[in-house]
């Protein structure tokens, strides 16, 4: 079972998609299996992070923005704006795809884990996430 | 087939879980397939690294500890100790989940590859790893 | 279905393997499913990146080479050359394995996405990539 999710982002940051994914897993009627979450872009990521303290997400975001700076003299790909080449680098340092086991018709996440789409661009985007669920 | 492994860690470092995984793969009686290894925490990682020279693991560990420093003035999530926010960042820079093909009832690892649970916290933890094995 | 691909690299850089993978997916006769791409080495990576502007790949490569410098005084694993320990670190910061959904007998990649083997060593290598395709 393969489904496309369309997620609207409104600038850089983490967007929790756990609820949407658990809904798909529940509808797929798969008791034990595997759910693969894949983002069809190279300037956004799929990650798993803590869902409790929002400060964790802020710190993650600020730390990565400092590591992968804009307007780095090293960049030659600059036509698409100062946030584009950093977005590609962030995509490579994080993840494009994550496989999550399914147990009892739910994602087998730890109690503090959420699944996030991480938008690395400034402007609003329509992001396509492809979800594959199997036994 | 979905199984939970419980791994006891005793501080920061890499813990080789290849043997436990190959035992599960062998018991699953899957000749060719896929084994997905997922850690249910956001302050520990699953990685594949060289299993030959222990100096590689030491260097990895020291390099990442320098990149993701403790007591960074940027952090606002500081309640859970100086090693907690760095642990979340390290989790995002490495991996929460890895899919490994199975061939001839064994993980299709390269000769120098081992699968490791990477503990990013100081104190001893009981870490839950969920393993999914399919055809 | 599990197949080994052998890729010859000629020094550091990204090698596009999308065409080879789509050929395998087409031959596997899987309409909707999952394709897992796994590299059997710890000094090369599998990543997904932009396939349009070659400057993106150059910038990625140069940025990561600056972050993970050679001849770092921190390294104790130095016997295999100045590019070896950086290669292991780069492998951990990027990915060893990626799961890509299959739709309509093709990898469900975004329009600008390509799959790359990223060689982190200087010399020519024969790199083994294991591909698992399932429903």
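Here are some notes:
Should a chain be cited, it is by its letter among A, B and C, assigned in written order, with residues numbered from 1 in that chain.
Keep this in mind: a contact is a pair of C-beta atoms (placed from the backbone, for glycine too) under 8 Å apart; a residue touches a chain by one contact, two chains touch by 3 or more.
Here the structure is a predicted model, which is why all the values come from computation and not from measurement.
Between chain A and chain C the CA-based rotation angle works out to 120°, given as a multiple of 5. Because chain A and chain B carry the same sequence, their contact can be compared by residue number, and under half of the numbers here are used by both.
Chain A and chain B have Cα centroids separated by 20 Å. For chain C, residues touching at least two other chains, in rising order: 34, 67, 93, 95, 98-99, 134. Against chain C, the residues of chain A that register as touching in their complex are 1-2, 34, 36, 38, 40-42, 67-68, 72, 74-77, 79, 85, 88-89, 91-93, 95-99, 128, 130-132, 134.
Every residue of chain B that touches chain C in the complex is listed here, in rising order: 32-34, 47-50, 53, 55-56, 58-60, 62-64, 66-67, 93-95, 98-103, 108-113, 134-135.
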